[in-house]
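Going in written order, the chains are labelled A, B, C and D, and every chain counts its residues from 1.
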Amino acid sequence: MKKMLMTALILGSALAPAYAGSGPIKIVLPEEADLLEPCMATRSNIGRIIMENVSETLTELDVRGKKGVMPRLAEKWEQTQDGSWRFHLRQGVKFSNGTTFDAKDVKHSFDRVMSDKNACESRRYFGGMKISANVVDPNTIDFKADPAQPILPLLMSLVTIVPEETPLAFIREPIGTGPYALKNWTPGQQIVLAARSDYWGAKPQVTEATYLFRSDPSVRAAMVKAGEADLSPSISQLDATDPKTDFSYLDSETVYLRLDHNIQPLNDVRVRRALNLAIDRQAFIGTLVPDGAVLATALVPPTTQGWNPNVKVFPYDPAGAKKLLAEAKAAGVKVDTPITLIARTANFPNVTEIMEAVQSQLQEVGFKVDLKFVEVAEHESYYSKPFKEGRGPIIVAAMHDNSKGDPSFTMFFKYASQGTQSGFSDPKVDDLIKRASAAVGDERAKLWSQLIAYLHDDVVADGLLFHMVGFSRVSPRIDFKPTIATNSMLQLSEIGIK
Amino acid sequence: MLSFIRKRSVASLISLVGLLVLVFFLSRLTGDPAALFLPVEASAEMKQQFRELHGLNDPLMVQFGRYVGDVVTGDLGESLRKARPALGVVTEAFVWTLWLAVITMSLVTAAAIVVGSLAAFRSGGFFDRLSSIISLVGASVPDFWLAIVAIVVFSVNLAWLPTSGTGSILHWILPIAVLFVRPFGIIVQVVRGSMIGALSSAYVKTARAKGVKAGPIIFIHALRNAMLPVITVIGDQAASLLNGAVVVETIFGFPGVGKLMIDSILQRDFNVVLAAILVTALAIFLMNLLIDLAYALLDPRIRH
Amino acid sequence: MAEHLLEVRNLSVEFHTAAGVVHAVRNISYHLDRGETLAILGESGSGKSVSSAAIMNLIDMPPGRISAGQILLDGKDLLTMPPQARREANGRRIAMIFQDPLSHLNPVYTVGWQIREAMTTHGMPAEQARSEAVRLLTRVGIPDPEGAMGKYPHEFSGGQRQRVMIAMALALRPDLLIADEPTTALDVTVQAEVLALLKELQRETGMGVLIITHDLGVVAEIADRVVVMEKGELVETGTVRDVYKNPKHPYTKKLIGAAPGKGEMHIAQLSGEPLLSVRDIRKRYGSFDALKGVSFDLRAGETMAIVGESGSGKSTLARVLLRLDEPDAGTAHWKGRDLFQLSPSELYKLRRDLQMVFQDPTQSLNPRMTVFQLVSEAWAIHPDILPKRQWRERVAELLVQVGLSAEHMSRYPHQFSGGQRQRIAIARALALEPQLIVCDEAVSALDVSVQAQVIALLDKLRRDMGISFIFIAHDLPVVRDFADYVMVMQKGEVVELGTVREIFETPREAYTKALLAASLDPDPDVQAEHRAARLKRA
Amino acid sequence: MSVSTSDTTITHEPPFPVRMARMLWADKFALCAVIFLLIIIVLALVGPSWLGELATKQNLRGRNLAPFDWSREWVWWMGADALGRPLLARIIVATQNTIMVAAGAVILSSVTGTLLGLVAGFSSPRVGQVIMRLADVIMSFPSLLIAVIVLYLLGSSILNLVAVLSITRIPVYLRTTRAEVLEIRERMFVQAARVMGASQNRILFRHILPVVFPTLTTLATLDFAYVMLAESALSFLGIGIQPPAITWGLMISQGRQYLTNAWWLSFWPGLAIIMTTLSLNLLSNWLRIALDPVQRWRLEMKGRKNG
């Protein structure tokens, strides 16, 4: 019943502007998709093109409202007694190659993701669990997870469905059930998706989408202005000067300073707190960070389940910071040790200026900070374990993206003792993560809230900075509002043509 | 001539092999492609498995042996990122770069010869001073700066030309114009210098004594003699275009090999890097051969 | 009075240079009629070429400027003609040939193309120009003229190149031919042939010939009248015979006096151990036999002249003896030790004994070194000769010894005249206190009067210091007054070796005789005899 | 036949510095260039200690301040950058790094390249061939790859950047030098030196090198511009010098994104590069004449006319 309502809503929203036109559009993206492999659709440069456009998933997260996980290729689902999940599939759905969608396709798609014959990146969301898919009948499929996965329906929004015949190795011509099919791909130049006439859902207004790729943000902005493209989902804040076409949106990216608690002086909580007090976060907003960005108190954006509104941003208190440092020094902590601040070139807009400003603010209260910019591979070697032996105290400036609505995609990796990017080890944190991951409903939200407060106020795990804002330039001839998921997914069916 | 080409080919082959060996080992010192292909959250097992899949776990010498074996059979391996044969990826991109370089260098050569010759003909005159200042400034402007200003002025403000991309002839104008500036500045100076020498030579005196007009004296008698050093510089400049039009290709979204190479380097897509180097090095070798042929064509004294 | 073909009236040309304004020619006048040959005789710096450059419009302005005068061609002033008409006169009415045909022919076009261009430029159809070019090449005596059309300048010998130049100049049967030192770079036998060709062609076409030369012999051979120039001024004019027999101006007298080959010949003393004993030296360059077994002896204080034309191997011999090139076979014993077997350190010591003076001092002196640096470098290389504090003093001494002065020390080579430069080169050779100096064409690039001075200097050094000389030349008269022995070489072989008297008075070999006959005598009467003799032989 | 200007003209040679100064005075373009370059050198020496503090002082509320506000202190006359730091002060401070990188790379590559070129041209053909092949390898080695490798393995620092930039330029000097050496070593004055018993080193360094030198200076000055731009392009691609270190090239590349809103951010450092290369070019043209005894009169004559 609930699902019927939702379907109606989706249909309704798509059908509402009945007077609207239809036609082709052009979208300019910063980075070319080097692959159009459905099982890589969780990577943003691929997902933006094919996710839910070409390749659909069983479920879908509502990023425009607060309706949580919604049906897509599965009409409904329920948890059975033994903790496994049963999905009832939509009928009458056809792949773009003409074959009919059924449970075998779902099982193959899932097995393909989990196969060791390829490097599907969606697999990473299923780390640390054993899941098996069992076809019950052509329209029903069971997923059994060990340990039990309360968020399995959410996880299924990350598994793109391909036909059963798809080989395990990477493919270059994705076949899916989505409203669009790949029409033309000229590597290095453009990708064209065309609307399918036999799509199971409502007919979208965009009949054909051409994707172009330009790495320079000002060129992307210029292209929409010059009418060479209709939509640039991400442009630079500096180019976003025209309120009629340029929209800001809270994207799912969070900028933070990952602290390595294993090395003096960052092993001392007073020092970490001093570091947080030394940063004048508010001064960045409207200057180096666009208006609309939100000061972060957690590594997940406020739209996430369990985000804790009671946790307050550290105030800007240089005097307090100096005092804490003095205390730590008196207690024998070597606060004078030079700390290396590692940042990645072109990681996010204004990264150099922001890092220079952070450096100077930290130096202001008495930290010794060396700023070092590195390219992506080297950044990764600082950010992820195993950390180098004999390293000095290190702060890594990084950006994390969680648009999935649940902190579990973040917390384990960033804070658990075993997490690859975790800079510390705290039994209480480990315990909270474990319990929250297994919990459901309000209990789950409560535990996440608790963890977020503990990390921020007691452990002072890291230096959280901003939830970033992105800017889109939208041609006046189309109707599009960017969402928090625009970075990773861009559903053409949500675009209207005026 | 044939034996000369053979000799050159052998020498270049040695250089090429040396180059590939060097790049093979050095590039593998620069980090793990698995960490870049997979997201930071990917587990250690996934990374391990990725490396397994692409044979990155084997000792370096084993990987090298395998690579050499493949190359001998004409297989340059597959791109890690694109799941396509590396050679295909590279040749596709290279065609664009080649056209860009050929068209740009033809225009540069023609323009530089005319401007340089006229500057030399009245050396020290107003035109000479003007052209040398312009060419000097041209040679010292950063190309990415020029590219963006050109887009803002000609595409956005004046709306005369498309901002970027490929498609029509119009799309080629801005990239070529931006690439034009630096080699033009350099070659004009070389043409000028060389032409001043040629114009003061004895055979030009003879031509004047024969009553030959100024036009043929400059462009027939002096120019052909002055072209030898010019051709060397044209070759150098063309080589750097084949190798490194990266910035312009990046800004104009031009699908050339320069951008492909830098992307592959940053992503540690070794097979593509190696294939790209192989293809560009071969192209540069062929171009050098052409230049030697041009020498022989221009100057009969070199012909044997 | 009938109009002259060419009349230069009160011409003055000046150049703006470092020294301010240089008056290249000042108020000179001369004239030339059809069928007549006028020689302009002068040494370097006399301005003898300037008036012809003015006639051909070849003076670059600036820095040059024609400050006064007229140049009348058939009564019309070339200097006031419109540029278009002026250009058209070049090649059609007036043609010119130059000293160094290799550099004056465009190296990258075939000679056929270049000859044709001379005609097509003035409107002749291409087809006709082609057949005409073949005819011209045949006429000037190029073998296989059809094939020669497609060849490039570097594929011809020096004499042939000058013939090509002549063919090109005469393509449109000009009324006036200007020949600027047309035979200076050529071998004596070739020089005679080229001059004869010019004369023949003049008879055929009736053109006027203006020949510019520094060589009295050339004047005697070819000219009817002569004008003598010194430092931009015309000092004497008249028929060749009058000027030679009764020179009025002191400069003319000096020039005639300096002509080589009139002094006392040396009498060689056949005694003493040989200082240098050369046996059977052979040297090949690729498939070319440069030296095919050369042997001779040289005793202390003696001068051996080696005479031969280009390709005779005389310069190769010098290079081999100085170990600039390695011989393929043969020995050269210097004071009993074989030069070719010396170790590097022995060779280094030997360099002190054996020195060389090169043909062209402009080339052999590093242009970026001062005279002091050039001369004292010898002691920098061989520090045991002289302690550093005495260098300055000794350089001054040497400069005085070679006829320069001590204040020249801080100057650069380009600031000297050719003769002075060769003196510097000699001073440099003397700095090492050598026992043998090899002079490779050391005077052939110099003006006649300077030649005489340099030879006098060498003679004095031989007398005062007992230095031996190997003196290489392509011209016999030059060595007559200086050598004890003469060795005549041809194609890598010794043709004849004898005392200077034997060679000049009783030559045995035909080649020696031909060389002697081909060398031009400054006396027009003697030269007329030579010419008659040559004609009889032919 | 040239007009001889031989020994009548030169009377007395003044000492070297006086002579150079006179010749400099004669060429006003070169004079301006020298003055500009002297200023640059002084700024490079004192810049960081003089204005270092001011150039790093951030003021987020005074970002992208427009230039030509004469009412403010002089350091603000060129405006302010994205962190509100005075541009003029930053350009002055950046001079040191810029010149160090450019001069370092040019000197390193020219010295290495020239030495290798001398060896390649003067030693046995086999050694020459090996060196030339090596040059070929470097030539076809994409400079960006060298940059990534070196900067990854050794870390990004000014010294390493100098190394990267110079490696890629070595072949240019090498090939030029070798070609010239092959020609010059056949000249008569080299033969004359050999006849005197001069050693190989003496011939190379006293006779051949001074003749090649002017060509190399010209090349080096042109390369100065090239290196500054290459360094800037590396920054643009994110693998060059990184903040907080500053160079003109980095300033241009950082200011690039503000081109449409705040042109001055990349304009002034760009102007600094252009002015410097222009000055170097003028200077090298002058030097080539002033150091050549045969050409020098051109300047001496002009000086006399002007004076």
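Definition applied: contacts are C-beta pairs under 8 Å (C-beta built on N, C-alpha and C of every residue); 3 or more make two chains touch, one makes a residue touch a chain.
All values derive from a computational prediction rather than experimental measurement.
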Check every other chain and keep only those touching both chain B and chain C; list them.
D
The chain whose mean C-alpha position lies nearest the overall protein Cα centroid is chain B
When centres are defined as mean Cα positions, the distance from chain A to chain C in whole Å is 88
For chain A versus chain B, what separation do you get between their C-alpha means, in angstrom?
39
For chain C and chain D, let me know how many angstrom lie between their CA-based centres, rounded off.
46
Taking each chain's mean CA coordinate, chain B and chain D are separated, in whole Å, by 23
Interface hub residues of chain D, defined as touching at least two other chains
148, 152, 259-260
Quick check on chain A: which residues sit in contact with 2+ other chains?
218, 375, 377-378
Per-residue multi-chain contacts in chain C, two or more chains
none
Those chain pairs meeting the touch criterion are A-B, A-D, B-C, B-D, C-D
Complex interface listing, chain C residues touching chain B
56-58, 87-92, 95-96, 98, 100, 103-110, 117-118, 121-122, 152, 154, 165, 168
Listed in rising order, chain B residues that touch chain A in their complex are 30-32, 35-44, 46, 49-50, 52-53, 79, 81-84, 89, 92-93, 96, 148, 151-152, 155-156, 159, 162-166, 250-253, 255, 260, 266, 268
Inside the complex, what are the residues of chain B that reach chain D?
11-12, 14-16, 18-19, 22-23, 26-27, 29-31, 133, 136-137, 139-145, 148-149, 152, 186, 236, 239, 243-244, 246-247, 250, 261-262, 265-266, 273, 276-277, 280-281, 284-285
Enumerate the contact residues on chain D facing chain B in the complex.
129, 133, 136-137, 139-145, 148-149, 152-153, 172, 222, 225-226, 228-229, 232-233, 236-237, 249, 252-253, 256, 259-260, 266, 270, 273-274, 277-278, 281
Report the residues of chain D in contact with chain A in the complex, numbered from low to high.
56, 58, 60-61, 63, 82-83, 148, 151-152, 156, 238-239, 242-244, 254, 257-261
